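Pasting a structure here, questions to come.
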Amino acid sequence: MLYFFEQTLNGVQLGMLLFLLASGLTLVFGIMDLVNLAHGSLYMLGAYFAATFAALTGSFVAAIVLALAASLVLGMVLEIVAIRPLYGRDHLDHVLGTFGLLLFFNELVRVIWGPAGMTLALPPQMLTAVQIIPGVYYPIYRLVIILATLAVAALLYLVVMRTRLGMLIRAGASNREMVGALGINIKLLYTLVFGLGAALAGFAGVMQAPILTVQIGMGENILILAFVVIIIGGIGSIRGAFVAAIIVGLIDTIGRAFLPDLLHQALSNDAAQTLGPSLSSMSIYMLMAAILVFRPEGLFPAATR
Amino acid sequence: MYAGASRDCSKGDAVATALLEINGLTKRFGGVVAADAITLDIPAGEFHAVIGPNGAGKTTLVGLLAGEILAQGGAIRFDGSDITRLPVYRRSRLGLARSFQITSLFSDFTALDNVALAVQAHRGHSFRFWQDARREQELRKPAQVALERVGLAARAGARVDRLSHGERRQLEIAMALAASPRLLLLDEPMAGMGPEESAHMVEMLRQLKGGVTILLIEHDMETVFALANRITVLVYGRVIACGEPAVIRDDPAVRQAYLGEKQDRGHG
Amino acid sequence: MTASLDPSLEAAPKSLVTVRSAFTAVLLAFLALLPLYVALTGNAFVLTLFTRIVIMAIGAVSLNLIMGYGGMVSFGHAAYLGIGGYAVGILAKEGVDSGFAQWPVAVAASALYAVVVGALSLRTRGVYFIMITLAFAQMIYYVAIGLDRYGGDDGLTIYRRSQFGGLIDLSNKTLFYYLCLVLLIASIYMVSRLINSRFGLTIRGSRSNDRRMRAIGFPTFRYRLVCFVIAGALCGLAGALLANHTNFISPALMHWTRSGDLIVMVVLGGLGSLFGPLIGTVAFLLLEEALSRVTEYANLILGPVLLLVAIYVRGGIEGLLEGRRSGYRAP
């Protein structure tokens, strides 16, 4: 039972991470109509930045701040240099171009940091476990992730709903030409939005860095999960991304934790052994397939343009 | 401001069953009632026009009839069968052909290819994987005939993106005609046409009249009054008047609806 | 009246010998004569490399069918390479060596998977479709990793190539190469007939304007699904060939970046043209090979090249040969 509770929290934590990635993706897609396969690379670079800055400065907090800033800058520079020419193009061109960027970044990381990967050590205080409810201990750092992401989500909500920039973002999402016609500097808006998306992805990478190994290709697996989140939640919808991210995070984590045991009880040993790992990793795709059958536009489809 | 309920435009106890029977058709988009219990019958062979000021719900009506929009209330019967919930392609197969207000063609194909596709759709048997469909006279001949009917025969081999706007509008009609439809649903066929092209279109519609049942959505009043057997007037999704052109012209509700609006869009 | 009723058929090609067709002819001649070159120079590696190229070209041809002609951008096409390959591998491991059993199973399994994925995905379009096909490919990738009995992550060695009794000995590299080449030419021919048939026009019309297709009476979903299945089945065959070629199959073949490679090959060659996929595959795999010899960090160059291709060379290499600068060629 306690194990279940712990896994649930892990699921929520994964969900938070996926939300960060999915919201960045969905923002960029919603506003600029751009599919960005290199989004996972921004996540990966965020993690590498954090590990590097931590090694350089020796301070965990400084590493986070610097890595975030670096992600934001990188995002904006990338937008200006490589992404701008792709606007208005066929989605296939986006796929092709950003796929090229993905390959490039994986290789670049190999050149700069080597193939081995890095680790980012947590300050000792973060390593302890806290008692949330009697008898249940949970690592404080994972709690920090959940809370920090919730804070970011709230901040994002505030920005999108209450600020001028957010209003431009929402307007741009529903009518791009109009916003341009109103004299708003669309180019700058796009750069900022892309930078924001990059910062969100980088933040996710920074948060995950201490828990996972920072390595090449870490962006790809999580990127596809982020896509699944968007499909389930509905393209263009941040609220949908949030709900779907939690669901996906929970199902994936709990599925991996409990499905093999359930299968062992239900099926023969051999069958469970063969099918177990495969089925548990398939669980979210099954969910996605189910959503596609009954509600192909997603749970919270944003208004179509 | 017309405040009454939607007028019943059915022919009541008409002798024969109408080809198209629309009964209480309703559609809401959020808070806007785009179609408000529209009731209307169109007997076979009639040339029926639907007019109304902007925002009257004409586009919605077309969408409901074609099947792209699903009604929330009411029913549509075509040739006796209920088509209210039928998907678009099924309605087309039954003989309800439509043309688009904003030209919607296969722009990387030739005019003849476009119409031949419409013929092919009607003939079925599209699970043929080997024979060159462009050499099938069974498809090309009727397509050529349809193009001749609308006066586009000379441009049969031209790619759509090389056709003029007027020619594309003609092609729209040809595609609708290609499948020998029972009912032609024409959505503002003269949209964006110059005076010469419009006159040509009117002449073509005149020739079609009587042979095939036509439901015409149009802004151009001259055309409508010249060609239609009966006219329905839509305002804010409601039928406010329906009858022969002379009756409509004198109807006070119609005059009121158009007060302040351009009565005749002229020749575009 | 002797003039043809169909003016569109009278528009004959300007010249039979264009730069593009000359290039294609030379390439085909080169491929046909390759084993001769190998026999003369003793350079066996070239044969291995080009066998792989020819096999991947079959995969590219199948993807071009749905992507170039059908407008369905599938980012999960490498899944069929894997399914076809694993069909051969699993059957081989279980003692079924016969190609007469393995290859039909490879094709059938791929077709079956395509039916399921297609039925679920084809109701969506555009970006959704891309993401969904990507997700399903990833799913099958994980399934393969979980198959401990068949090697899991490490992959599965196939000790004996598919046996065809006395008909053909696949362990003869030259014979195997020619078989692959024949299958490639046959695939291209099949596609050429397909795209001009009634079925093909339906698919191409659907790509051009799906809404209009439905308005004139086509239930477009079923045609697109069948096309999707045909493409999947053909790619499954390529997978069976690939497994034979490398005597090995692993989940890595189905990783989504491999699907990306396939897309690159098709786009590079020129979408929606018959020989484009072959040209693109040759170009991409040769480029990859050349770069890997020059530098350890090939993708530093390849990545930006892809980006530049996406931005500037929309018609692919075929487009360059035609002197086209923008827009995809009309099918």
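Per-chain residue numbering starts at 1, and chain names A, B and C are given in the order in which the chains are listed.
Going forward, contacts are C-beta pairs under 8 Å (C-beta built on N, C-alpha and C of every residue); 3 or more make two chains touch, one makes a residue touch a chain.
Computed from a predicted model, the values in this text were never measured in an experiment.
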item: Chains contacting each of subunit B and subunit C, listed by label; value: none
item: Chain whose mean Cα position lies farthest from subunit A; value: B
item: Averaged-CA centre spacing for the pair subunit C and subunit B, given as whole angstrom; value: 43
item: Rounded Å distance between subunit A and subunit C, as computed from the means of their C-alpha atoms; value: 32
item: Subunit A-subunit B separation of Cα centroids, rounded to whole Å; value: 48
item: Per-residue overlap in subunit B, given as positions that touch at least 2 other chains; value: none
item: Touch list for subunit B against partner subunit C, complex; value: 66, 68, 87-90, 92-93, 97-98, 100, 104-110, 112-113, 117-118, 120-122, 125-137, 139-141, 144, 156-157, 159, 175, 178-179
item: Subunit B partner contacts - residues on subunit C that touch it in the complex; value: 5-11, 193-194, 196-202, 204-205, 208-209, 211-220, 223, 226, 330-331
item: Sites on subunit C touched by subunit A in the complex; value: 67, 73, 75, 120-121, 123-124, 126-128, 130-132, 134-136, 138-139, 142-143, 145-149, 256-257, 260, 263-264, 267, 271, 297-300, 302-307, 309-311, 314
item: Residues of subunit A defined as touching subunit C within the complex; value: 29, 35, 37, 82, 85-86, 89, 91-97, 99-108, 110-111, 220-221, 224, 227-228, 230-231, 235, 273-279, 281-282, 285, 288-289, 292-293, 296
